[in-house]
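Once you scroll down, you'll see the structures, which are given as structure tokens.
Shared chain: chain A. Partners: chain B in the first complex, chain C in the second.
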Partner chain A sequence: MQFFGGSEISPSPSVPTTTGNNAHMIYVFNRNGVCLLYREWNRPLHTLNPQQDHKLMFGLLFSLKSLTAKMDPTSAEKGNLGVPQLPGQGCSFHSFRTNTYKLSFMETPSGIKFILVTNPRSGDLRETLMYIYNLYVEYVAKNPLYTPGTPIRCELFNTALDQYVRSIP
Partner chain B sequence: MGREVSESCIDSLLTEMVSTYCNRFYANKPELAARRIEAIGYQVGHQLSERYTMERPRFSDHLEAIKFICKDFWSELFKKQIDNLKTNHRGTFVLQDNHFRWLTRMSIDQSPENGASEEPSIMADNKAVQSMHLYFPCGIIRGALSNLGIPCAVSADISNLPACSFVVRIKA
Partner chain C sequence: MAAIYSIYIIDKSGGLIFYKDYGSKGRMDTNDSLRVASLWHSMDAISHQLSPTTGCSGIELLEADTFDLHCFQSLTGTKFFVVCEPGTQCMDALLKVIYELCTDYVLKNPFYEMEMPIRCELFDINLTQALLKDRVVLLGR
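Here is the complex of A and B:
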């Protein structure tokens, strides 16, 4: 535990819960910004109403992806800032960490974005997100009753997701 | 027999078939859509049973034919056998599959958050859509049995997913 001199304003990092649920919440967006899924397991503080919260999250990631691609020192060709990018173009942004949480991000070639917010001690969660994407394909994309582009309302997906997330270290 | 087809392709094709018949071809006539889907299943079952009984002798009675459907036919189609067979010995058979392959990914919508009054109609809607997907396997069973010389009527019952029961009534 590190103590930075004099700063008592920042809240202490959250301790992993004893129930083993270290993930705080998950968002799933499609390429048009429709929030397909939002589930929370451990979120003590709500500041915005859900619609604003989803818009903020989508906007944040859109800007972050754009910014990270434009600041990439290894890529030669850069368009103007603000030009929307296809998934896969430019370097891919994975995660950011603060003292209270870590946000991990993954975008699939079809434009589905998975955002997982966990405790700050989590490692690289790319494989976790890949597994969740596989759950999405099995239980949502292949569900005859699901219309693409609408919010996900499948019991099987929710149960499988909850069970898997409980097992993340 | 080396050629194979991806299972996802078949699943997507069946899903789209039901969806097209229900929402585009016979948009407000679910009975006609159901009959059409069942007729397609009938043709498929007819031809499949021809293929899978090539080297076998004729069946001695109805029960033998139903047992063939439960064991060999079902294994060829779904890689497993029917889990439970019940009969009343008077021409009615109930074939129960505890984990029907084409229903494993179907999941009911969660109950809506707004008002309990909307629940019954939405639940009924869900059940209707789910039962549409069962006309195809019912048709397959009916086609297979009629090719073996047993005219019958087949209906399905999904009171508890993912288990599914098919009720076969033999026409005397």
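Here is the complex of A and C:
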């Protein structure tokens, strides 16, 4: 029996699933900075409370996009630092890596941002993010009971996402 | 065809002390390069907060559509980063070479003041030589 939009289930954080997971956590933001989804599978260290963590993540992405647009060595015409960029305008980054994690980022033309945090040895995860975007389109965007701009509470999406992330090498 | 677009050196408080551009269309003026360097310093610090595990030391590589940014942080907090074409290899080795040149020609220079912009001729000369050698080696592969 399938049903969408389980109302009494809170979206996050979830109980960590199997230990075969390479991904630490995932964030999904809309263009206004609302965190639509946050799921964690493997996060030993929590530095801030969830609200601050989401805001910090969104702020970091905004600033990094601004930085890459300004630093772009192949284009001569650039706006000033800090000017909000439209999705697809200016050079955008798709991943960064530290010694403890790798963050992969993808922004759709509608301004939905997907962020996946994995271990640092992961390869290029752009196709993975594209697949997750397709899952979002199928299970969330096409869900008639889902209001855009609100946190995602679709059980099927969560299950499909967990299953897919478990299969990432 | 330049594999390396530009090199930045930032001191431990985030101020830009060295910036050299090697022929990119996106050359920045002094103010912009200062702003970009400080922004990078702050972003690096924020990335520590978002780490899922302990022991994060900072961003090592940023991959964008048209360039890659490799960063090396010394034990004293000085950051060396280089903007290059996507997929350029051996940038980590180059950053270590630049670090060595900096310690030799800048820090051992008795007239150099800490945290001030680097104005050492020998450093510039040797840096250009190291890059040319690197390019020759890269093209020769």
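Keep this in mind: the second predicted complex is superposed on the first by the 150 of 169 C-alpha atoms of A that agree within 3 Å, B and C clash if a C-alpha of one lies under 4 Å from a C-alpha of the other, contacts with A are read in each partner's own complex, and residues count from 1 in each chain.
What we mean here is this: contacts are C-beta pairs under 8 Å (C-beta built on N, C-alpha and C of every residue); 3 or more make two chains touch, one makes a residue touch a chain.
Source: prediction; values computed, not measured.
Chemist: Quick check on the superposition: with chain A as the shared anchor, is it clash or fit for chain B versus chain C?
Modeler: fit
Chemist: For A:155, using the defined touch cut-off, is the partner it touches chain B, chain C, both, or neither? Pick first, second, both or neither.
Modeler: first
Chemist: Which partner does A:70 reach: the first (chain B), the second (chain C), both, or neither?
Modeler: second
Chemist: Once the structures are superposed on A, label A:48 by its partner contacts, choosing first (chain B), second (chain C), both or neither.
Modeler: second
Chemist: Should A:144 be classified as contacting the first partner (chain B), the second (chain C), both, or neither?
Modeler: The first partner, chain B, only.
Chemist: If we overlay the two complexes on their shared chain A, which of chain B and chain C does A:39 touch? Say first, second, both or neither.
Modeler: Once the two structures are laid over each other on A, A:39 reaches no partner at all.
Chemist: What is the contact status of A:94 with respect to chain B (first) and chain C (second): first, second, both, or neither?
Modeler: The answer is second: A:94 touches chain C but not chain B.
Chemist: Any idea whether chain B or chain C touches more of chain A?
Modeler: So, of the two partners, C touches more residues of chain A.
Chemist: After the superposition, what is the least C-alpha distance between chain B and chain C in whole angstrom?
Modeler: Once the two complexes are overlaid, chain B and chain C approach no closer than 23 Å between C-alpha atoms.
Chemist: Using the superposition on A, tell me which residues of chain A are in contact with chain B and, in the other complex, with chain C.
Modeler: On chain A, no residue contacts both chain B in one structure and chain C in the other.
Chemist: In the complex formed with chain A, which residues of chain C make contact?
Modeler: Touching chain A: residues 5-6, 24-26, 28, 32, 35-36, 39-40, 42-43, 46-47, 49-67, 69, 83 of chain C.
Chemist: Can you tell me which positions in chain A touch chain B when the two form their complex?
Modeler: 138-139, 142-145, 153-158
Chemist: Can you tell me which positions in chain B touch chain A when the two form their complex?
Modeler: Residue positions touching the partner: 8, 11-12, 14-15, 18-19, 105-110, 126, 129-130, 133.
Chemist: Write out the stretch or stretches of chain A touching chain C in their complex.
Modeler: Chain A residues touching chain C: 24-25, 40, 42-45, 47-48, 53, 56-57, 59-60, 63-64, 66-68, 70-76, 78, 81, 91-101, 103, 117.
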